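So that you can tell them apart, the chains are marked A, B and C in the order they are listed, and the count of residues begins at 1 in each.
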């Protein structure tokens, strides 16, 4: 049996992304070989209904996006509904500021964010990381591996650079001009 | 997208053998066409790690028999053995609310919990206790002896009482370090 | 049927302020603080009329805006209390940096939203290792002990099921947003059901907004709505063009 076919079988039964090191161990071959075989497998899947996706520190087989309309009609468990705008904003704050407390998220957004954070926690996209050693022991939140998998990035380092999303200087200029009183 | 590729995607996510009639309905094509496309799919899988198999009233994708030795070794590796965060949450709910139905677990967690409960059942940590005498006769779940063994207590009576339980700081640290953060 | 959303959909005071600023920015380079203050305060009035909770956060920002406006009106030759002046500048800078952070996170949230949407279209297999490959060989590892399990149970059981309305501040549902969302969904999918569309909504008012959106889109002929009988699913189909 070809190595790429064996990898396909392993990834078929896997319930989460599988790190290259783990596949290397099961197959007793060097990592480089696993990587080469993964590339081969990916190429052989090109016109198929499933594809290879790298996320959350490992690899996973998933259905192709083009098949989604049919898969959705058919799937046993309903696919999770879209997140609200509020939940998405909270998710972005947690992703870039983690570990972060509920109060900090609310402060950044300027609005109480408890309900949205709970939704994200229920969806498994964030989780309580620990509690802060300050009065009240507030919980702090961090994103999960499931978040990385769903966003389709290998690690936090692969998230879009926050600096690229800062509004242009002209925005701040017009704000400063409008809010005035800076000539002194 | 080719019809045989769509069929592959459907069979990939299916949790039981899929009858030809069902595929015909989802794809809105006649049965004969589904059968022809299945034959095509089967042929294209010949040298791959998975194969098409006819079983109990339908079709399913399974790993090839030749891949068995590797799949077996993979089963013992960390990403196959470790329970997901979603499964752990379900386990905690079943442990303290048993006997409890699938719908009740989903209701308590606020997300669909079918897949996670099935995983726990397959792993022998929970089992169907009985069926409720209400419409649809839903099954209720309870934890098993294996569960007691795995969490390291002798009997259900030894599980910590929820009423006066305050999570120690050490646990919360291990929560962060220990089981990472996935939840599918 | 007419349905008017009198108050624009905004979430909290920073979001409101940002929306007002963005509206003005379309045609002017410098924002007129005077207009901003007037509009901001009129929204606070409207909220009071609607009996919505005007939190202290709204009032704090209003105070800063009014003070800045007052400062602008003073002649440059006027004698100023240096401490007060410094405090005001600090308040202003704090507000500006909060606005910037808010815009930045909104922007990146949109990207994350798109990525999640894309990710949701790729489904993994969840069945794991099935019986024919000998599942008894799977050594299951439970990564927490009994104490950990109890802590987890407490956390799940204590999660609020239904978010309370007064926590939601001004997250008013908007029919306009619902219409946009419905159109986006039907661009993705050929057919769906009303239940599927509203399955994630937590409040009845939101479901109402979606229902009104549905009627509106059907009226425009952009989608077809059918229901077999009054208890069955409402099926929504993209209209053939």
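The rule is short, and it goes like this: a contact is a pair of C-beta atoms (placed from the backbone, for glycine too) under 8 Å apart; a residue touches a chain by one contact, two chains touch by 3 or more.
Worth saying up front: this structure is predicted, and the values here are computed from it rather than measured.
Trainee: Touching both chain A and chain C, which chains are there?
Mentor: Both chain A and chain C are touched by B, going by the contact rule given at the top.
Trainee: Would you identify the chain whose Cα-based centre sits farthest away from the centre of chain B?
Mentor: C
Trainee: Which chain is in the middle, if each chain's centre is the mean of its C-alpha atoms?
Mentor: A
Trainee: Suppose each chain is reduced to the average of its Cα coordinates; what separation in Å results between chain A and chain B?
Mentor: Centre-to-centre distance between chain A and chain B: 22 Å.
Trainee: How far is the middle of chain B from the middle of chain C, if each middle is the mean of its Cα atoms, in Å?
Mentor: Roughly 33 Å, centre to centre.
Trainee: Spell out, as numbers or ranges, the residues of chain C touching 2 or more other chains.
Mentor: Touching at least two other chains: 123-130, 133, 159.
Trainee: Where in chain B do residues touch at least two different other chains?
Mentor: Residues 9, 12-13, 15, 63, 71, 75, 78, 80, 82, 109-110, 115, 119, 172, 175, 184.
Trainee: Spell out the residues on chain C that touch chain B in their complex, using ranges where they run on.
Mentor: Answer in residue numbers: 123-130, 132-135, 137-154, 156-157, 159, 161.
Trainee: Inside the complex, what are the residues of chain C that reach chain A?
Mentor: So the residues of chain C in touch with chain A come to 11-15, 21, 25, 28-33, 36, 55, 57, 68, 71-72, 76, 85, 88-89, 92, 95-96, 98-113, 115-130, 133, 155, 159-160, 163, 167-171, 177, 181, 188-191, 196-197, 199-200, 202.
Trainee: Which of the residues in chain B end up touching chain C in this complex?
Mentor: It comes out as residues 9, 12-13, 15, 62-63, 68, 71-72, 75-76, 78, 80-83, 88-89, 91-93, 95-96, 108-110, 115, 118-119, 122-125, 146-147, 150-153, 158-162, 165, 167-168, 171-172, 174-175, 178-179, 184.
Trainee: In the complex, go through chain B and note every residue touching chain A.
Mentor: Against chain A, chain B makes touches at 1-2, 4-10, 12-15, 22, 26-27, 44, 47-50, 61, 63-64, 66-67, 70-71, 73-75, 77-80, 82, 84-86, 109-112, 114-115, 119, 169, 172-173, 175-176, 180-184.
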